[in-house]
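For clarity, chains are labelled A, B, C, D and E in written order, and residue numbers in each chain start from 1.
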Amino acid sequence: MSFFDLKGTLKPLTALKQFGRKPHTLKDVPYVTREAADRYRGFHYNDLEQCIGCGNCATICQNQAIDMVPVEGIEGKKGDSGLRPRVDNGRCCWCGLCVDVCPTGSLSLTKDYLYVSEDPNSFLWMPGVDNPQGKERISFFSTEETSLNDFARIPMPELEGMERVKSFAEVVLGYNEEQARAEASRCISCGLCTEACPEHMHIPEYINAIARANDADAVRIIYDNNPLPEMCGKVCTRRCEDVCAIAHRGEPIAIRWLKRYATETVDNADLIKEIVNPEIKEPNGFKVGIVGAGPSGLTVAYYLALRGFDCTIYEAHAKAGGMTMYGIPKYRFPEESLDKQIEYIEKVGVKINFNTKVGKDISFREIYDTHDAVFVGVGFPKPWTLGVEGENLKGSIQAVNFLYEINNGKRVDLGDKVIVIGGGNVAIDAARVSRRLGADVTILYRRRVQDMPADWEEIEGAEEEGVHIVPQAIPVKFHGDEKGHVISVEYVMAEMVPDERGGRPKPVPIEGSNKTIEATAVLGAIGQQGDYSFLEEEFAEKIKIERGRFVVNEIQQTSDPKIFAGGDAANRTADAISAIADGYRAVKGIEAMLVKKDEGNVD
Amino acid sequence: MKEIKTKIIERIKSHFQDAVERDYDYNRLDFSVKKETIPSILFYLKDEMNFKHLSHITCVDWLEEKEFEVVFILWSYTDRLQVYVRTRIDRDHPVLDNIDMIWRQANTYERELKEMYGINFTGLEAPEEFLLEDWEGPPPMRRDFDTREYAARTYYTRPGREDAQDVRETIIKRTGEELPDFAKKYKR
Amino acid sequence: MVFNDKNSQKIVDIIENYARKSSLWILAYGTGCGAIELPPTVTSRYDSERLGIHFGATPRQADVLLITGYLTTKTLKRVIRVYEQMQDPKYVIGFGSCTINGGMYWDSYNTINALDRYLPVDVYINGCMPRPEAVLAGFAKLQKLIQAGKADGANKYKENLDWYRTNQKKVIPNWRMPEYNW
Amino acid sequence: MREKATTLYFGPQHPGITGNMMVRLKVEGDTIVKATAEVGYLHRAFEKLMEERNWLQSFTLLCRFCVPEPDPVEESYARAVEMLEGREVPERAKYIRVMVLELARIGAFLFWYGAQASSLGLHTVGQWSIGDRNYVLDLFEALTGARIYHMYIWPGGVRRDFPEGFEEQVIKTMDYLEKRLNDYDDLLFESAIFQKRAKGIGIINKEKAIEWGVVGPPLRGCGIRHDMRIDDPYEVYDKLDFIVPTGENGDIWSRAQVRRQEIRQSIRIVRQVIDKIPKGEYYNKIPNPQKWTLPKGDAYAHTEAARGEVGFFVASDGVSTHPRRAHERGAAYVHAITLLEDLLVGANIADVSEIMFSLGTCPPEVER
Amino acid sequence: MGSILYYTLGAIISFILAFTVGITYMGLDRKITARVQNRIGPPWYQNFLDVSKLYFKKTNIHQGIMQHMGAAFMMVTAVMALLIVPIFNHGHFFPNLNFQGDLIFLLYIMVFGQLGMALGVGQTGNPNAAIGITRGLSQMTGYEIPWVLALVALMIQYKTTSIVDLMNVQAETGRWLMFSSPFAFLAAILAMLGMFSHAPFDIMVAPNELASGPISEYGGKYLSILMSAGAVFMFAKLTLYVDLFMGGSSNLLALLIKTFSFFLIPVLYGIVSPRYRTEQAIRYFWGWPSLFGLLAVIQAVILK
């Protein structure tokens, strides 16, 4: 450095030129709120309509800033807890993780960031309620792309479509361990599904157990209120997946397949008993008779047996399981898995009298008299008839009967052109079984494909296997040959007319659109109904039956307090899990009735 | 890089019989040694192997195994290699040799580990307190110290949020589901 | 002129409060991470000086104590000391979530959760951290309160000193502080 | 004549201190004979809290480790987790990360300009540079949604893609900053007084620098060209063209010169990123964060921040969704305690804050 | 015309003038600084608000009687200096207390304030304040040399120790002393930078090192008094410079223009300068400024 640094003294003075420049200051702040960036993470906004109250935001919040609280005007329903998030701005750090994990995308952050107050208690904030105007101010939101939820389901390994039709081998191969863990870890454990499940299974808990690599615990949790989980894991109608929080923007968690995975890890009845390790109470002396070894009857028997009751099941067929045994084809539900479960149920002390048809081999009266309570779970064995001309021709078979024969190991000759009428699971099952017997199969259905009550996976599976589906086709006549065998089906195309009362659209036949399709066999699958001929007259009179179903109260009790009913014969949903749910309710009802009465007598 | 790594592993193995190495496919070496070996292996690595830069000293509490794992991470500017030297010490009597004569800044790390885990470094000269002041509880970074419980007990939390409900509980209440006790640990 | 009747007192109050609100000297004490938004607040973009806000270096000269976020117990001790050294009228502004209900550090063993248990807070600013705009809005709010004569945290502190002391001593294990005579 | 040493408390409430820490000085006259750094005023127990939070929740804490430049910590954590899990990062995300890191570096250096000049009483530079830093923060706001706490670089990539028109905004800001940097130079680096104050003050021993754990500009100020961006190139630094400047004497002036040139190199890198950035994915999605577990093991990743090597150590037990251990290695951790204590001995009281700022001490990072 | 009332009135009015102008200048200083720093800055009357706010503080903390005295000393110094420095040429309304030898008295009194502060600061017990005042005094020894040399040069050259006489000399010759005694002027201007405690010579109050330096423990009314005293003292010093080197001023406008132009020198230089350390500052003052002072003395001796 020189003795006098002229440059170093003068150069800084050039800074003074800034004096005349326009100041950079934002003059309006703080009197006018400055607009934040388009992606700013400001206060929360919640679309109350879209929100399902899953509470995932509250869970991810590392600050525990989010509480789920009830909101006036929002009622809980299936798939909606009725709670809405409330943010404590004294905790929030506006990281936006809650936005990124919101499965429905209802929660977002807005551009608003200004709140100043002298009251520290005024920092609780109900997004969407306190700032309805926030909708226009949304800045930070999650799309399917940015969301942290895993919207894509782990694909289920299946046999190839054309491979499957060669045998009755199980189509769905089941997850392996890695896949199951991955699928289980998609679950956000909100538990909204449990409300949709008729049986209210502990879904988030067992999925969590699977995710944490504790399959045995998962099995225990599953067996807590479902004695036939492997069946459910394979053929359940899974209402739970319809309300899955992830399903709002993606594919729901494969709850059914996870249950299947968990139960399949246990491969024999002894092991089930070892893992579940149920607590069997001391016999309490009560005897319960159960008519029908379907899902509901087995449920009643299993849980009552655990509770110390003496249970006897009267089953008309040679095997237990009811419709799940005889109605569901083996490529969906192999016999071994059912046998395993029945064996386990028998192991806890349930007696099953096979080949004992009530009303024939034993009278209902006798069961009624010798037991403290009777549970009727007879299901819907009788198919509805189509009511079209030529229905009684040879080769026109009821699908239910057809499946029964097949599942019983008998061979049914259908020829090579099979027409299935109906759109339910039975119709699809019948169609796919027919494919496996080597026939070309066509399904005629009155409404559109999307209206079919069958599972979409089943429909897809059927299509993959080469089943033709002709929608909006109403059969009007079966033509027969001289031998009285059906040779073709005549049907009329229908158009969908919206229902004035707001129901689902009705098919109305189009005049003159008649078509005929060749057939060697016709399988009718338009539904079943109950058969209550086993009831003696006095019971038939005493027990109230409406629209072919038993009228029951909330504990499945019929108008005779000693008789309980469940399953298809008592509910409208007509699926296995509802039957199990009925059974479980009846268990509690029977226990309450008998044990309470007993205690009452003591007093 | 592969050759350098092999060379280093060989030389370390020949000098320190108790060193257990683990190889990674990127520029990382990993040696587990007995705690007595720590000063000598670090000295060796620094002086002979050119690992001049001490990146980090950390400690992992393996509560279940009743052990602390102390990890020294060194970096070699010349070979562009990272080496982890780790040792396990008894959790109840955690003692380790002081190494701040090898690296001056290790002093700070040791002070922190002493305060946070209660590890005694023999011969460490430093003020007693580092980050905490008048701390009376157990060393706070030990896993058996529950900070949530401590904070809830010590510090006041503003009321007004008691009406919060758990989604799962709400649904359980509404549906009458009975959640068995053994399943409760799997709630979120 | 004698200011003994109510109206003249009011006029004096208005003048005094006007002076107080237009000249807020903040204590340069960045107690937490919120201090990061203070340099932008005082520099050219936001220029708090145009509102009369100015950094005072020592507690003796400061009017406003900014608690910029979380307070560890170690800092709390110093903050209390500093606050008590400030001269009346004095104000406290709490920055961000941490001062309200713990914020991010609600479960930390070393930070307090609710500031108003230990010091009287006049204004809370929402945010984590509050942007400079929010900081200035907080000051605007404080100015409004001062003009209206409502920012009397210091009086509250004096009146409820025992309560505050109890709370303070609860979280500060070793209370080696002189009882200050302010 | 030996004067009696008095104790001077430099902080915690002190306008000259960086952040909230204290240096206890024993002074004789104006000369310091002993300095003891006392920290802990900002100890929030981040690492304990991270053990209470899952891998993703922990991520929100990261930007609070060192507030002036939060992104390198996020980057280190993200890379440590990716290393542990073996997760790939898309190419575009790597470029975006580099850009964010460099913007953060620019922001930090602008902050440093202000702090270093203000420590010498030249507030004008601070008023300009910290004011201009707002333009960088505007970029962050547009990109990440927040000015300071970006929470942007996370395991698997980055959180959001560029918003519309972001590239032009970046270029515009870089043009502006390049112009402005000359103004700062005229005022600060050309100033005879600054040169007098900076040269020969706070000299770091060149031979000992590496052993003492000096990193970043203080190390390069000694003339040792070590920078994690070239020593252990992460992301796409090996595909970018930039110079790592060095100084000569290891004094405040050299460190200032290093930073003065480095900020220009950062601008250059940002421009290159804008030119070269490929189209495509920006995020390799992690699984559901609530149930996301990492394989058992540990990993340490380091990043070159404006203040030096910032590393992150994570350990996983393989079962829990929470880290078993998360530990940050801050550059300031070494600089602010042992190095500072060493450098202050023999210095003038007037130089304390100047030396502190030149080392880039960051108390929140020391204490975590 | 010589009544005591007249003098008192004059003194009061000049005090009010000095206070108003001084505080306004301080505000303008902040405004100008702000504009160079690319911002709007506070209103020009901001310092009035600051002073009154400090005055309205409800509590005052002091460590003892000497702390009162510190502030009082400063005020007394300022007022005394003000009363001695002639505000206007031929000031009939402000016949200040000038007398033969007032320049020497002024030299003395300008140091007096600092020393008084030192006493007050000593009692506060704040180490920052103690170090600050030490630095202030050391720095004073620095700028006093050129300043005294410049004044001595003037005294020698014009053979008077009275400010009024010097003003008269300028009026008579029609040439301002800044032109006739350039070296003295240079020395005085450079010393002035130190006198005003602006950057680069603000080590005494350097907030980055010493909090507020000597005034660390002064708050409320004390600080208010100190600020007022500073303003008055500043005005007195500016007026003195104007009187010595620009021939004084004949009306208020000229006074304002001239003082303000002098005021701008430390302000503008301060905006662009970092601060010197104490010993650097002293070395600076004992360098070029003192050299100019010596040259001025030599010039004066030669030209005598």
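The criterion applied here is as follows: a residue touches a chain if its C-beta (ideal position, glycine included) is under 8 Å from a C-beta of that chain, and two chains touch if they have at least 3 such contacts.
Computed from a predicted structure; not experimentally measured.
Common neighbours of chain A and chain B under the contact rule above are C, D.
Traced through touching neighbours, the fewest hops from chain B to chain E number 2. Chain D has the Cα centre that lies closest to the mean of all protein Cα atoms in view. Using CA-based centroids throughout, the chain positioned farthest away from chain A is E.
In this assembly, the C-alpha centroid of chain A lies 53 Å from the C-alpha centroid of chain D. For the pair chain D and chain E, the distance between C-alpha centroids works out to 44 Å.
Centroid to centroid, with C-alpha atoms defining each point, chain A and chain E lie 88 Å apart. Between chain B and chain C the centroid-to-centroid distance comes to 39 Å (mean Cα coordinates, whole Å). Multi-chain contact residues, meaning those touching two or more other chains, occur in chain E at positions 34, 36-41, 128, 207, 211, 271-273.
Multi-chain contact residues of chain A (touching two or more other chains): 12, 15, 18, 23-25, 36, 59, 62, 88, 90, 93-94, 120, 188-189, 208, 212. For chain C, the set of residues that touch two or more other chains comprises 28, 43-45, 47, 50, 55, 57, 74, 100-102, 104, 106-111, 114, 128, 131. You'll find the chains touch as A-B, A-C, A-D, A-E, B-C, B-D, C-D, C-E, D-E. Of all residues in chain A, only 1, 5, 7-9, 11-12, 14-15, 18, 24, 36-41, 56, 59-60, 62, 93-97, 100-101, 109, 139-140, 146, 148-150, 182, 184-189, 208, 211-213 touch chain D in the complex they form.
Of all residues in chain B, those touching chain C in their complex are 132-137, 140, 145, 147-148, 150-152, 154-158. Contact residues of chain A toward chain E in the complex are 4, 12-13, 15-16, 18-19, 21, 23-25, 27. Chain A makes touch with chain B in their complex at residues 53-55, 58-59, 67-70, 76, 81-83, 86, 88, 90, 120-121, 124, 188-192, 194-195, 200, 202, 204-206, 208-209, 212, 217, 220-221, 224-225. Residues 15-16, 18-20, 22-23, 25, 28, 43-44, 47, 49-50, 52, 54-58, 60-61, 63, 85, 87-89, 182 of chain C are the ones touching chain E in the complex.
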